[in-house]
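In the two complexes that follow, subunit A is the common piece, with subunit B as its partner first and subunit C second.
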Partner chain A sequence: MICTGCSCLCDDVEIAEGKILNACERGYRHISKYMENRAKPAVEGKEVDLDRAIEAAIEMLKSAKNPAIYGLDTSTVEAQKTAVKIAKKLNCYIDDNSSFCLGEFVEAILRKELPSSTLEDVRDKAYVIVYWGTNPYHSLPRHLSRYSYYPRGAKRQRGYDEDRYLVVIDIRKTEIAKLAKKNAKFIKVENDLELVDSFMKALDGKAGKYDVAGVLREMKKADFNVVFGGLGLKYGLRGNFKAFIELLRNINKFAPLYFIPSGFHANMRGFNETLFEAVNAVNSYSFSSASSSPEFAFTELLKREKIDTALIVGTDPIASLPYEASSKLPKIKKIVVDPRKTLTSRIAEVVIPSAFSGIESGGEMVRSDGVRIKLKPIASSEFDDVYVLKRILEGL
Partner chain B sequence: MMRLTRLIKFETRIVVARVSEEIRKATIYLNPEFAKRCGIKEGDVVAVSRGNRGLRFRVRLLETAPEDGGIIPNSIFSNFLADFESFKSFRADIELSEGDESTEEDVIRIIMQRK
Partner chain C sequence: MPLTPMEIYKLLPKTNCKKCGEQTCMSFAFKLINREKKLEDCKPLFEDKRYELQLKKLQEMLKPLAEATETGLIVRSEKCNGCGNCIVVCPVHVEKDPHGAGIGKGPSIPDPIYRIENGKLVILNMHACRRYGKNRILCVVCRENCPTDAISFLEG
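Then we have the complex of A and B:
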């Protein structure tokens, strides 16, 4: 099966004689506990049948003045496409978690502003591997063993202590920073923009705050290097993505360096690509304005009290958003579509249960590097995100 | 006997990060050296406050926590204290506290009171 526990979408997980094989701790928990804490259809806190919950959602969306659709990062591409159709029909906002996660990086890749590659190419070719503001030890537990540092690749046959050069950039000495011993460097960063500046200066042979000349020398030795950037990088750049894009462009004049986002939910990149194909924007889109803007991010719409109803699919905003946004959730009507009971479903006006994509429901997802993966579910469900969203679309 | 450090607030750096364990109650992972300097032990309950918001956390010790503070796993607890400008890292005050750690219900109750 394909594990949908994170954006690695590992394709070698097997179920044999009731045992889950090859999964990491995160994947094991995702698969083994999928039957626990399941959502039940409810309207205003009272359990109803599924049809009644879907009808209530349709009525709520029909009567909404300013609705938004939010989430979808654990849904399949097929469900995401249906949600885009609903947003178009309602002439409303649509957004996912990437607007406060790694959406800017994915957009830069899709617009060809950042050179990117696949995880298989990283495994086979990469010499310098930079993890910047990300700790895959917890977020993507098999990233290093399947795709980057540890495996012997087609052009990297001598093992990690000779054929890879690991760079870890973080504000603390994480688990993967502790690996940075031989053929490696840990850069404890206080200010990511100053680190970007140090790299720029080093390219000109000048000294900056951080000693990074050695990293550039290693990059120049190879024909394939990669940066995996996470949320620490995003927030460290304080919105100054152009400086980072410029840095990669300049390094690429001397040594091939690719960028792949590191982190996020199983199909966040799928959402970005689905919306990009439909409207040329990766998130924070308003069909009413026919444009994308940071003002149309779900968090901003909440903060500025611009919406009255939200269709929330496969995400838990009361838990995952900062207080300035989550504290506004009680003021709007919430329709939650989720396989699990979530903290948001506790305060939702309508709850519609769904299926776990990849476990009970098939379809397509997009890996963090943009590779499309067909899911191979191990169970079945009468209703999944596609079913629920299509019913809502038809009802509208 | 009352611990002297119970009377002192320490400024600390909080990093918001994912941890492998499932966290249902408010937990903070403090750097062992930092905790020692603050007179805080594993299992203590501490109040973490930022501006006019605060929660109580159960302390666990973790060597990979930042040297001048701790990690709060990405959760309703960390996000209650964070804002968008400091989503992954912020400074907060920490002090020893009585009682149990905060629960998800506690946070939801505070959020619902804003309605």
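Then we have the complex of A and C:
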């Protein structure tokens, strides 16, 4: 089966003798506990049947003045496409978690501003592997062993201690920074923009605040190097993405260096690509003004009290958003489509149960590097995100 | 604390009485670690009350021996998060399973040394380990690449 616990989408997970094999602890918990704490269809806190809940949701969306659709990062591409159609029909806002996650990097890749590659190529060819502002030990546990540093690739047969060079850039000595021993470098960074500047200076042969000339020398040795960027890099750049894009462009003049975002929900990139195909924007899109802007991010809409109804699919904003935004949620009407009971579904006007993508329902998801993967569910469900969203679309 | 013959020797009677069948207390300490002898073989330690405190310390010290495998390997599963670094770096896996564990996937051979079961590392076939048997070598690759120190060996 395909594990949908994180955006690695590991395809070697097996179930045999009542055990889940090869999945990391995160994947094991995701797969083994899918039956726990399941949601039931409800309207205004009272349990109803599924049809009644869907009808109530349709009524609510029809009467809404400024609705928004939010979430969808753990749904399949098919469900995301249907959600985009709903947003178009309602002429409303649509957003996912990438507006405060790695959406900017995915957008830069889709607009071909950042060169990117696949994880299979990284495994087979990569020499210098940089983890910048990300700790895959927590977010993508099998990333190093599955795709990047440890496996022996087609052109990297001698293993990690001779054929790879690991660079970890972080503000603290993380778990993976401890693995940077031989043929490796850990850069403890205080200001990411100063580090970008140090790289730029090192390219011209000058010394900057951080000693990075050695890393560039290693990059020049190989024909394939890669940077995995995470949230630490995004927020460390403080909105100055151009400086980072410029840095990669300059390094690419000397040595091929690719960028892959790492550390997000199973199908966040799928949402970005689906919306990009439809409207040429990756997130925070308003169909009524036909444009994308940081102002249309779900958190901003909540803070400015611009919406009156939200269709929330597969995410728990009460638990995940900061108080400033989540405290506004009780003021608006909420329709929650989620397989599990969540804090948001407790206060939602309409709750519609769904199925776990990859476990109970099939479809397609997009891995962090943009490779599309067909899910192989191990159980079945009468309804899933696609069924619920299609019913809503038809009802509208 | 690493378990070394010297640390054990310091707590033994150091009389070289030969009652255990060994020539010296030092060689007895070596055999204790290799599990060829048991602490009970040292009779003065149990009979003489002078060594009571030392005996207690020794028993405490040798506790990890009981939970370790034949190669001295200890896996603390509460620390393991199933990242699988140890499986992929293991030289035996790379040799026997170049298209499975060798390239980062889960092991595809029937008797791998390690496997991740239910999100935790499980030892399946210790006999294939390079630390096992007569021609053993002190390989520590899996321990070196464990991000949480879930893998340790008796010698430290």
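Everything that follows uses one rule, which is that the second predicted complex is superposed on the first by the 396 of 396 C-alpha atoms of A that agree within 3 Å, B and C clash if a C-alpha of one lies under 4 Å from a C-alpha of the other, contacts with A are read in each partner's own complex, and residues count from 1 in each chain.
The working rule: a contact is a pair of C-beta atoms (placed from the backbone, for glycine too) under 8 Å apart; a residue touches a chain by one contact, two chains touch by 3 or more.
Since this is a predicted model, take the numbers as computed values, not measurements.
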First, second, both or neither for A:Gly205, with subunit B first and subunit C second: neither
Touching partner for A:Glu25 - first (subunit B), second (subunit C), both, neither: both
Partner chain in contact with A:Glu175 - subunit B first, subunit C second, else both or neither: both
First (subunit B), second (subunit C), both or neither touched by A:Pro141: both
First (subunit B), second (subunit C), both or neither touched by A:Arg152: second
Common ground on subunit A, meaning residues reached by subunit C in one complex and by subunit B in the other: 25-26, 29, 141, 175, 178
Touch list for subunit A against partner subunit B, complex: 25-26, 29, 100, 133, 135, 138-139, 141, 171-175, 177-178, 231-232, 235-236, 299, 318-331, 343, 346-347
Subunit A partner contacts - residues on subunit B that touch it in the complex: 15, 17-20, 22, 53, 64-67, 74-76, 79-84, 86-89, 104, 108, 111-112, 114-115
In the complex, subunit C residues that touch subunit A: 80-85, 87-89, 94, 98, 102-106, 115-120, 144-145, 147-148
Subunit C-touching residues of subunit A, taken from the complex the two chains share: 12-14, 19-29, 32, 123, 137, 141-142, 144-147, 150-153, 159-160, 175-176, 178-179, 181
